[in-house]
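Remarks on the structure that follows.
In order of appearance the chains are A, B, C and D, and numbering begins at 1 in each one.
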Amino acid sequence: MGGRRAVWENLIVTLPPPPAASFASDNAAGAHPAVLAALAAANDGSALAYGSDPHTLECSERFNDLFGTDVTTRLTFNGTGANIVALATLLGSLPGPHHGVVCTDWAHIAVDETGAPERILGSKLIDLPAPEAKLVPEQIVEVAHALGVQHHVQPGVVSITQATELGTLYSADEVAALCDQAHALGMLVHLDGARIANATAALGGTRDALRSFTIDAGVDAVSFGGTKNGLLGAEAVILLSPAAGIGSEYVRKQVTQLPSKMRFLAAQFNAILHDDLWIELAGGANRMATRLHELATTIPGVELAGPPAVNSLFPRLPQAAIEPLRAWSFFWDWDATAHEVRWMTAWNTTDTDVETFIDGVECVLRDVLESSSN
Amino acid sequence: MGGRRAVWENLIVTLPPPPAASFASDNAAGAHPAVLAALAAANDGSALAYGSDPHTLECSERFNDLFGTDVTTRLTFNGTGANIVALATLLGSLPGPHHGVVCTDWAHIAVDETGAPERILGSKLIDLPAPEAKLVPEQIVEVAHALGVQHHVQPGVVSITQATELGTLYSADEVAALCDQAHALGMLVHLDGARIANATAALGGTRDALRSFTIDAGVDAVSFGGTKNGLLGAEAVILLSPAAGIGSEYVRKQVTQLPSKMRFLAAQFNAILHDDLWIELAGGANRMATRLHELATTIPGVELAGPPAVNSLFPRLPQAAIEPLRAWSFFWDWDATAHEVRWMTAWNTTDTDVETFIDGVECVLRDVLESSSN
Amino acid sequence: MGGRRAVWENLIVTLPPPPAASFASDNAAGAHPAVLAALAAANDGSALAYGSDPHTLECSERFNDLFGTDVTTRLTFNGTGANIVALATLLGSLPGPHHGVVCTDWAHIAVDETGAPERILGSKLIDLPAPEAKLVPEQIVEVAHALGVQHHVQPGVVSITQATELGTLYSADEVAALCDQAHALGMLVHLDGARIANATAALGGTRDALRSFTIDAGVDAVSFGGTKNGLLGAEAVILLSPAAGIGSEYVRKQVTQLPSKMRFLAAQFNAILHDDLWIELAGGANRMATRLHELATTIPGVELAGPPAVNSLFPRLPQAAIEPLRAWSFFWDWDATAHEVRWMTAWNTTDTDVETFIDGVECVLRDVLESSSN
Amino acid sequence: MGGRRAVWENLIVTLPPPPAASFASDNAAGAHPAVLAALAAANDGSALAYGSDPHTLECSERFNDLFGTDVTTRLTFNGTGANIVALATLLGSLPGPHHGVVCTDWAHIAVDETGAPERILGSKLIDLPAPEAKLVPEQIVEVAHALGVQHHVQPGVVSITQATELGTLYSADEVAALCDQAHALGMLVHLDGARIANATAALGGTRDALRSFTIDAGVDAVSFGGTKNGLLGAEAVILLSPAAGIGSEYVRKQVTQLPSKMRFLAAQFNAILHDDLWIELAGGANRMATRLHELATTIPGVELAGPPAVNSLFPRLPQAAIEPLRAWSFFWDWDATAHEVRWMTAWNTTDTDVETFIDGVECVLRDVLESSSN
């Protein structure tokens, strides 16, 4: 702390107190009060472990309602776990161990999971270049050239992320086109929805919006994020087609993702699935990012692309401003050599948080720009 | 429910209302109030994810205090996850991928984890017969015959469970003898402590007791259970020797066990590590099992071994009694062909629960024995 | 060598020159002249790699003829490789990664492959006690209790060895009963036939004999051994049912068993499949083992079970005799603590070899017994 | 065959008889006579399996001589197997399972091994763009940014190919610079030498040349190719530093690459290591490729880069010429959309083969160009 203060005290200006909310990541936010209340309520009495409890049953029914049909719901602890359960289940429905997973070179599974897929699935990730972190059907056609050649991993599953790791979105039509192309070539489709709520909020904010880019588009399995959207920690694997879900309960246990006291994960989801609170929370995060963008674009020295699709911004800042600002209210580098950083809003970010943060940014940039012009 | 009531209504007797607590498993119990309170308190404000928060720091320090030296603490979601993180880290400290894990044929890792070790570690489990679920040093000597022979998996890690899957205990001397033998042959030792609290309570109920059969005995890594002892869900991998912990943070992430909002796992442990509440809770469970045993041995038709070391009993019952009793207050079969069942107490089992349960057992057995004598 | 001579020169007796053939193992024998000739012939001209050559085509047709129907033949380098290709293909035809392989605790895959199955398949081997190294259908029923329970590996493939690691044989009826039981429970059957030729010779010595305990009995995949039966080195995976063979060409490559210049493996098999030479060679080895048994039982001090089913004997010898004999003509211990050794015959063992070996055994044992009686 | 002839008979011209040698691949060539003779000689008498034989001992000594120091030699069946043994051994010498392998996006391990590394090593391949299939030290610095971040696979081994998959070469200095950079960052270096003989011949044609880009440059492990250079089938893993070789015998067995009758692999290598025949053979292949290039560049319609470094050419041809030519003397496409094909020479390619092949190319191209100009 002393170190951080030192950096920031070098400034001539006096900074306001930092915002209550962190702009570092949506997983720096805590849990929504309704989630804590649900935990306390679920703690009443005994409940059989491993999913044989009424909260888990309710959760499955809530997901059936959400997707408008009977789906297979497997609660897991975290996003990497959800992705592995989903991918292992889909790969396991294809014959043989020789299928790979097609994804972008920005994909969380390829970049940010310390090789969990390769270790646990034993499968190659075929990561394709994607400037916007989005695949297009032509890329699936391209990798399909490997089909039938015994020397190459056979592409078997296509994994896309919605919202993407770069904060972009697939339209429902784009997902449908990818699913059509994948299915035509015998491949299955996984959607990593760590921020599926933000995507849903951005694409209409309704259950129909969710369905349009998942079940209606032909997606076979979804990692349905909760942790970044107001839970303490829970994700759900939703297997949308009956065939794709076979054996998923064994897979979940085998990959270490079976919760013992599952009622406490189910209760969290039940709290935010109630009255579509999950969409409301993510919508709030998105709105705060838009607001942050509006205000930040007015500050000299902040370089920004257009308004964010969901809840992340990737501004470029004068190098000298980054450390003082970070010391005042922490955020992560995105591309250090380009002085590009990431600011994220969360379900609990308020207008006041945004305004306070913008005040700080303004102060520091003014100070930095004045210093450099002297 | 209708089906269960039908079974039980066939009885002539009228059963009392079932006990509030379940005797099915210690993971059927909820969370201790202090744990819920700690979660609520930890929810205040933002906190960086993945362990860069004050609760996780506090948790590490609490484990350092507990073991009386600086250890490496890695929080994980569940017991299978903790075992895999511990074993992967220990195996990873040995050269090559060709080492196996020696355990008993009762070991949770061998029997109850759906092959997670084989899938994720890629290592053979060398499971040895052990009537009491306990290894002896001679068995380590025996498997060591494989050392140096290229056709055999090389035994590299010995994994023991304390308290064991059969509710038995290793003495501190027994663990030390195993560690000495293992280390003399170049092997490392893991202790699966899903019920380490019950073992600690039974072996003295002090921190010294814990240390006597872990760090002082030479154990290299511990899976330190929390979920069965009053948490909502959290376990800790404790790497006791500095060399054994290298790389464990990467291992945890790779095997899907890195919690995003880690403060919520740390806070749970902090709550029960405070004032050694963890020992007190487990001690209560153990006492209730002893009480249950005292009362059950007086009931004609219940066959039981001697008093339980920790919190599980394995009674044999007349076959006709099992379904009605289970319908009234659920418990699991242990060995269905021998009519052996398992009754477990938990941190929240009360004297009243035990007495109520015993009343029910007495009623049903009296009824069943009278029916069969007519 | 000096060391060995020393041991043997301590004897008073003068030993005859050791036999030309080794009794250490059938893989200590070289290749049959027809195999070398076939290699030389196959070396003529260019041939596309990876199986696109006329020798490999011929080999596939020869195996079709042998089994009386179209089977899928995948040549591999060695026995471990063949087993892994077969098991990975069968496991890959089941949904999910959570199936295990049922075998005996004598199985080569469980004991003598340095954990290759666990590493490469990622699957648990469920090894069952089997005094004669043979499974019985009741054991399959027993392990099937795990079916449907998410905490347990799901038994998916049954792997038996014929002739077994102990030199015993399954009758065709016994194999059929195992297959029926396995199939009834949704499991597939693999037969590790590293010594399938010896089994065939012993069970009738005809193609019908082979078929009776493989394709006719319902076996799904066979590891068809060649190396121990006069080849330089080649094994074949034969997938007997069309469904079981899907993807096997990718599996073979993925597990490092795709031969580049495959013509040279195919030519070896073609040489011994011609005119059923493979049965004749193995029959010779079996006969020599029987002869060895006849003669050895007459020697005081040699303890032997009944006549061998195939080509291995497991005599117990006076401890003092073992090292001198081994120094004279090498063989392996089987159970060192019981002074049990293994003598194996091979395709090239001659009557003279047997008689010479027996002369040596007789000399050493007489000497040892006389020394001990003085 | 009928189909192929049809294509070619559409031509007006009459083609000469095709060359005796194939230009499809160096693995379409057979074995050198000395290799066959060595096999026959090694077949004399019994020999213990798994490497306990004099031929294998001789082979190890020959490799010690070749590299000028005591190295660890592990014979394997094929190139994928050699790569897996080498990489598994190197990765196994690093702590933990969380290290990845850095390579180019042309690397055989990344593209042409059906995911064997991911399946068997469980490790991510970090494949970097490399237009010439060669890594540069700056790329190692770049991937090293992941070091210390728990969310990313830790780069642990750098794998380069020499000669590369594109027929290019690293100079000894380039390899040394890569090794220095890798070692400075705690990484080890593997060299995939499926065509190490061609590289050696091209870089001086002496043992010193070999050492300059392997042991002297700091390479830790080499896959030493034999199959493409006149053997029937054998490769060798050479572990150049003592620490890098620990456990490699177990690794080899575990990954299915332990040959039973190892004398027959050793004898092959002994034949070509004798009097440096291996360099002579590869030098011949290289010279024939140069000759092919000289003659081909004179043919109108053949587009070629500069002279080949080793034994492969990647000409672009008029599309209409490809099928008729291939039907006459088979070769593979390299980049079908660019009408780029691959021609390879082998140890047994003769001047006559080259001239005959060029005659055919000339005939077909003249015919095609005349047709298209009409």
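In this text, a residue touches a chain if its C-beta (ideal position, glycine included) is under 8 Å from a C-beta of that chain, and two chains touch if they have at least 3 such contacts.
Treat the numbers as computed from the prediction; the structure is a model and nothing was measured.
Chemist: Of the pairs B-C and A-B, which shows more C-beta pairs in contact?
Modeler: Result of the comparison of B-C and A-B: A-B.
Chemist: So which chain is farthest from chain D, going by the mean of the CA atoms in each chain?
Modeler: Using the mean of the C-alpha atoms as each chain's centre, the farthest one from chain D is B.
Chemist: Measuring centre to centre with CA averages, how many angstrom lie between chain A and chain B?
Modeler: Whole-Å distance between the two chain centres: 34.
Chemist: Report, in whole Å, the distance between the mean C-alpha point of chain B and the mean C-alpha point of chain C.
Modeler: The separation of the two C-alpha centroids amounts to 42 Å.
Chemist: Scan chain C for residues touching two or more other chains and write them down.
Modeler: 97-98, 113-115, 119-120, 122, 150-151, 153, 250, 253-254, 258
Chemist: Which residues, counting only chain C, touch chain B once they are in their complex?
Modeler: Touch residues, chain C against chain B: 97-98, 100, 111-115, 118-120, 122-125, 150-153.
Chemist: Chain B touches which residues of chain D in the complex?
Modeler: Residues in contact with chain B: 50, 88-89, 91-93, 95-98, 121-122, 150-151, 154, 246-254, 258.
Chemist: Which stretch or stretches of chain C touch chain D in the complex?
Modeler: Touch residues, chain C against chain D: 20-22, 24-25, 27-31, 36, 39-40, 42-49, 77-81, 84, 113-116, 119-120, 227-228, 232-233, 250, 253-261, 264-265, 330.
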